[in-house]
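First chain A sits with chain B, and in the next complex the same chain sits with chain C.
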Partner chain A sequence: MGLVFLLSEKNMNYASKYKEDVYGLMIFSTIGGLMLLSYANLVTLFLGIETLSIPLYVLVGSKKSDLKSNEAAMKYFIMGSFATCFLLLGMALIYGAVGSFDFREIALQCYTDAGRVNSLFEMGILFLLFGMIFKVSAAPFHFWTPDVYEGAPSIITVFMATVVKIAGFGALARLLRGGFPDSILFVNFLWIIAVLTMTVGNLGATQQKSIKRLLAFSSIAHAGVMMIAVLAVSKASMTNVFIYLLAYSLATIILFTLFMHFADKKGLSDISSFNGLGKTNPFLAATSTLALLSLAGIPITAGFFGKYYIFYNAMNQGYIWLVILGLLNSAIAIYYYLGIIIAMYFKEPVEMKSETDDLPFLHKLVIAGCAIGIILIGIYPNRLMMLF
Partner chain B sequence: MISLLLILLPILTGSLLLLLKGKGSIWLALISAMAELGITIYALLNFDPLGGFQYVWDYAWIPDLGMAWSFGVDGVSMVMLLLTNILIPLIILSQIGRKIENHHALVGLALIMQGALIGVFTAMDTIVFYVFWELALIPVYFIAGLWGGQERIKATLKFFIYTLFGSLLMLAAFVFLLGSDIIINQLDGISLILSHKVEMFIFWGIFMAFAIKIPIFPFHSWQPETYTQSSTTGTMLLSGIMLKMGLYGILRWLIPLAPNASAFYANLIITLSIIGVLYASIIAIKQNNIKRLLAFSSMAHVGLIAIAFFTGTLAGWQGGVFQMFTHGINVVGLFLVADILIEKTGVTDIRKMGGIASNAPKLAILFLLLVLGSVALPLTDSFVGEFLMFSGLFKWNMWAMIITGTSVIFSAVYMLRLYQKTMFGVVNENTKNVTDISWNELLVLSICSGIMLFLGIFPNALMQVSNPVLEQILSNFSRF
Partner chain C sequence: MFDFLNNTGSIPIDYYLWLSGVLFCIGVMGVLLRRNVIIMLMSIELMLNSVNLLFVAFSTYLGDAKGQVFVFFIMLVAAAEVTVGLAILTMIYRNTKSVDIDFLKNLKG
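Moving on, here comes the complex of A and B:
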C-alpha cells in the first residue's frame, strides 16, 4: 500500500506548473484510496469512495479555461454521482438483509444462512457491484473513461489511470474476498463483465488515433484482465492484482510522461507525435517500447508476469475459457501497441526540432526508474511476491 | 555452464552493439559469432550422443510455481545449436561491405536473436521455452521491419500478430499444464498420462503455435509477404533458423507432451501438410519474383519435414532432423544468391535477368551447386534427408508418399527454371554490368556448398549426433 504513495509522489514531479491546491486535492484523493485498500466495513467503503472521488471531480476540471476539461469534469461528476447512488442503494439493501455493515457479520451471515440468502441480499450485491464496476471503468459502465481521460489535464489522467485504478481494484477485491466469500452469486455476472470489458477495451483501442483515448481504452482492457483476477478469488488473487497493477502503472507512467512532453512541445496528441522517435531520441524510444511490450505482456517484462499470475490462478480455479478469451484479447491488443512502436521506429519524424526532443532531467529519471522496474519485475517476479 | 554461456554471450554482445556505432561493430559481431561457434564445436567434441541431456544448467527461478531456468543439450538440440551457430557467422559475414544504414544495430539484433534461439533450443522448462520463443520474435520483427522493402511494415505487422496469436495459445496450454496437478515442468519428467480431452486441448494449443511458425498449410499466408519484403538478413534468419523452432518444438514438446493426440491427428496434419507442399511447389513454378519463388520453395521443403515428423517412424525423424540442418544451410545460401542478384541487377523479376553466368562464373558455379542441393540430387545432403523422409512416409502410407514425391519433380522444375532464367540466356541491359562476387560472398557460398557436399557424402557425421536421442524418444512413446 505504500505503493500508492510512491506512485503519487512520482506523479507530483510532473505537476510543477500547477498550483498548490492541485497537490492538496491529490493527497485528499490518495487518502480516500488508502481507505479503500484497508476497509472492513461498508460505511468505510462508501467514505473511501467519496473521499477518493470528490477531489477527483475537481481535479478533472482543474484546467479552468479549457472547455474539454470542464466537459469531462461535468460528465464524470454526473455519472459518478449516479453510480454512487447505486452503491448506496446496494449497501442499504444489504443492511436490510443482514442487519450489519460489518464485513465479519456479513460473511458470517453468508456462511450460516447460505441456504436462505434472500433476493434483497442478491439485489444489494448487484447494485454494489454496479457502483464498483463504474469506479474501475469496466464495461458496460466504461463510457465515461475515454472522454474523461482525454479531457482531464494529463497529470490527472496519470493519477486516475494508476492510483485510482489501484484503489478501485483493491476495494473490489477486498469486497469480494472479505465481504462475500464463497458467494457464487456474482461469478457469472463478473465472468461476462470481464470478457465484455476486455473485448470492448481492445476493440475500441484499435480505432483510436489520439494517444490519450488509446490509453483510456487500453486501461479498460486491462481492467478486464484484472476482473479475471478478482473473479478467481483465492489467497493469491490480491497479490496478483497488485503485481498486475504495478506493471500496468509503471508502463502507463512512462507513456504518459512522454505524451505530456509531446503535447507541450509539439502540440500534438495523436500517434503521429511518436513518429520517428527511434531516430531522434533512442533512449525515450527504447523505454517506451519496453513499456508497450510490457502492456502487451511479452516475456521478460513486468506485464508478462502480471498476466501470467492472473491466468495461472484463473486456470487453477477452472476458468479455462476465460483464460483463452483473455489471451486472444492480448493478441488484439498487440495490434495497437505495435502501432505506436511502428510510428516510433518505422516512420519519419514529422517536424525535427532538436530543442524539443529533450526532457527535463527529473522526468528522465522517472522514466528510467520505471523501465528498470519493469525489467526487474520481469526477471525476478518472486522477489515481489514475497513482499505480500 | 556452457549452455548458459552460449545464450548470454550473443545477447550481451548484441546489446552492446545496439549502443555502439562505427565501422568496427560488424567485426566485433563476427568475432562474437565465431567465438560462439568455437564454444559449440568444443561442446560437440565433448558430447556423448547416448548421454541424454548434457551441459545442464539449473537455477530456481520461481520456486512456488516450479519454474526454473534450466537448460540442457541433447542430440537434437546439438544439431540445432550447430545450425544456428554456423549460420549466424555466415549471415554476418555475407553482409560485410554492404552499405546498410545503422549496420551496427542490424548485427546487434541478429546476435540477440541468436541468443534467444539458443535459449529455445536448449530450454528444458515449458515457461523458459516460451520466454525465449517470444524473445526471438522481437529482434526479428525489428530486423524485418526496419531494413526491407516498401510494403515491409504491413508484412511484418501481419507476421507479428500471426505468430503472437499462435504463441499465446501455446502459453494457454503451458499454463494449463502448470495449473493442473501434473508436474511436467522439467523435460526429464515428461511421462504423464493426461485424459483424452485434456490432451486434445494441450495438443491444439501447442500445435497452433508451431503450425504458424513452420508454416503448415493453411497458416502460411504471412510467409511469402514477410520473406519478400524483409531485408536479406531478416529473410535468412527467418527461413534458415527461425522456422526450425516450430519443427524442433514438434519433436521436443508436442509429441512428448501429447503423444496420443499427435497420433490421433497425424492423418489430418499429414494431409494438410501434403496439400501445403504441393500447393507451394505449384505456386513456386509460376513465380517471377526471385524471393517469392524461394519463399514458396522453402515452404514446400519445410512442409515435408513436418510430414516426416508426424509419420512417427524412425526413418522419418532421422531424415527430418537431418533435413532441418541441411535446409537451413541451403536456404541461406540461396537467399544470399538472390540478394546478390537483386543488388547487382536492380530488378527482382527473374525474366528481366539473364546471361549472368558469362559475367560471374564463380557465382554461377556456386549457385548451381546450391540449386542441385535444393532439388536433392544424390551426393548432396538434401538427398539423404529427403530419401529418409520419403521412406518414413512410405511406411506410413504408400499413396501419400507417391503423391508427395511429385513435389521433388516440381522442385526440379522451379529451381532449374530459376537457374536458367537468371544465369543463361542473353545478356540484357540489367545484367551487362554484373560483376563477380566479392571475397566474403565467395567464402559464404563456398562454405554452404562445402557443408552440403560433405554431408551428402558423409551423412553419418551429423546423424550420429541425433540418432540415439530420436530412438529413445520414439521408444518412450511407442503409443505414437
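Moving on, here comes the complex of A and C:
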C-alpha cells in the first residue's frame, strides 16, 4: 500500500552513469518490501528481508569512486548480514520449538504446550527481534544509521528513510500481531527498546550540524515512537503505524528533496544552507516548515494525528509511563526542528540568489503534492483511517 | 520415506545444539574482533552455516522436511549476499588498495 506510489514519486534525478541499474535495483528492493508487508510465514519473512536488503547494499555503494559511499556500503553490508544471521538463528530456534514456519501453526503450538517449549521458543523470538530491530534501526543497533544515511547518495537515503522504513515496521507489526503470546520477556524488552530509541535519536539529533545526519537521528527517534505503536498491539495499531509512517515519509521526502537541491547548487550540507530561505524562496520555506512541523507533531499536520493515535492507543493498553516518556521526547524533538525553521526565517541567507528558477518543475510538483498530503491527512484523518 | 533420517538416534539433539551454538559464537567473535574484511565475510558464512546445521538437526529430530528446504533457501541467499559483499570489497580495494576495516572511519559525528 502506498509504497509503490512513494517510490515512483522519488525516482527523478539520479545523475549517474548507471541510471538503469539503480532503477532496477530499487524495484527489486521494493518487491522485497511488498513481501514484508504481506507475509504469513517465517520463510517469506526471511526472503523478503533479503530481497529488500541485498539490492540496498549495492545501491548504497552506487557512487563507485566516492570513498564515503563505499564506506557506507561496507558498513551496511557487514552489519546487515550480521543481523540476518541472528534473525536466522531465531527462526531456527522457533522451528526447533514448534516444528513449523507458518504463523498460525506457531501461534497454536506455543499456546497449547507452552510449558514444554517455552525457553527455546522465547530465545528464538528474542533473536528474531534482534534481527528485526536492526532492520528498523532502533536503539541498541542504530549505530549504522547516521553513517549509512550520510554516505549513501541522497536519493538512496530518501529511499531508505521511507520505503525501507515502511517495510521494516510493517514486518515488525505483522510479526507481533501474528498471534504470539505476549510473554513478559517480550513486552519488557520492547518497552526498553522503544524508550531508548526515542531518547538516543532525539538527543543525537540535537547535536547535529549536517542535515542528513540530523534526519538520520530524527528517523531513529521516529522509529522509537513507532515501536510504541507496535508494542501496544491491538487491531487499531496497524492503522496507527501506517498513518504515522505515511506522515513521516511525506515530510521526509520534502526535506530531502530540498536538501538534494541545496547540496547540488550550493555544495552545502549543514543547517546553514536553509538560512534565509523565507526571504529568497517563500514557497519552499513554507512547505519545509510544514514538513518540520509535521515531524514535530504540531496540530493540523499529519504528524500530529499520527502521534495522537499512537499515544492514545498506548494509553488505552495501560502503558502510561511509556506515553509520558514519549511526550517528553517530543518536546526535545521540537527544539531541533524549530532550529531549522528559525534558520529559514530569521537568519540572513548565505548568498542572495533566487533558487526558484533552478528547482526542476517535477521536484516542485513532488514537494507540493507531499505538502497537500500532509495538510489533508491533518484535517481529515478519519478518511485515511477508513482506508486501512 | 524418511526412515534413514531416524537412524541418527545415537547422537542426541543436544550435541547438535551445542555444536552449532559454539560455531555461531566463533562466527560472532570473528566478525567483532578481526580487522580483515575477508575474514569477517568468512565469519558471517560460519554463522550462517551453524544456523543451517541447527535447521537440519531440528528437521531430522522432528521428522519434518520443511527445515531442510529452508536450508536451501539460506544457502542460496548466503551465496547472493557474499557476492555482493565481495563486489563492495573489490570496489573499496580499487580506491584504497587495502582490505582492512580501519579505513572505515571517515563518517563520524
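In the analysis below, the second predicted complex is superposed on the first by the 357 of 388 C-alpha atoms of A that agree within 3 Å, B and C clash if a C-alpha of one lies under 4 Å from a C-alpha of the other, contacts with A are read in each partner's own complex, and residues count from 1 in each chain.
Simple rule for what comes next: a contact is a pair of C-beta atoms (placed from the backbone, for glycine too) under 8 Å apart; a residue touches a chain by one contact, two chains touch by 3 or more.
Note that the structure is a prediction, hence the values are computed from the model and not measured.
By residue count, which of the two partners contacts chain A more extensively, chain B or chain C?
Counting contacted residues of chain A, the larger count belongs to C.
For A:N382, decide between first (touching chain B), second (touching chain C), both and neither.
The answer is first: A:N382 touches chain B but not chain C.
Would you check which partner chain A:R213 touches, where first means chain B only, second means chain C only, and both and neither mean what they say?
second
Report for A:L338: first if it touches chain B alone, second if chain C alone, otherwise both or neither.
In the superposition, A:L338 contacts chain B only.
Looking at the overlay, does A:I54 come into contact with chain B only (first), chain C only (second), both, or neither?
A:I54 contacts chain C only, not chain B.
One more residue to check, A:M315. First (chain B), second (chain C), both or neither?
It touches chain B, and chain C stays clear.
So in the complex, the part of chain B that touches chain A is made up of which residues?
So the residues of chain B touching chain A come out as 61-65, 127, 130-131, 134-135, 138, 142, 145-146, 152-153, 157, 160-161, 164-165, 168-169, 171-172, 175-176, 178-179, 201.
Would you tell me which residues of chain A are touching chain C in their complex?
Answer in residue numbers: 43, 46-47, 50, 54, 57-58, 61, 64-65, 67-68, 70-75, 77-78, 81-82, 84-85, 88-89, 91-93, 95-96, 99-101, 146-147, 150-151, 208-210, 213.
Over in the complex, which chain C residues touch chain A? Could you list them?
Contacts found on chain C: 24, 27, 31, 37, 40, 44, 47-48, 51, 54-55, 58-59, 61-62, 64, 66-67, 70, 73-74, 77, 80-81, 84-85, 87-89, 91-92, 95-96, 103-104, 106-107, 109.
Where on chain A does chain B make contact in their complex?
Touch residues, chain A against chain B: 293, 298-300, 304, 308, 311-312, 315-316, 320, 323-324, 327-328, 330-331, 334-335, 338, 342, 345-346, 381-382, 385.
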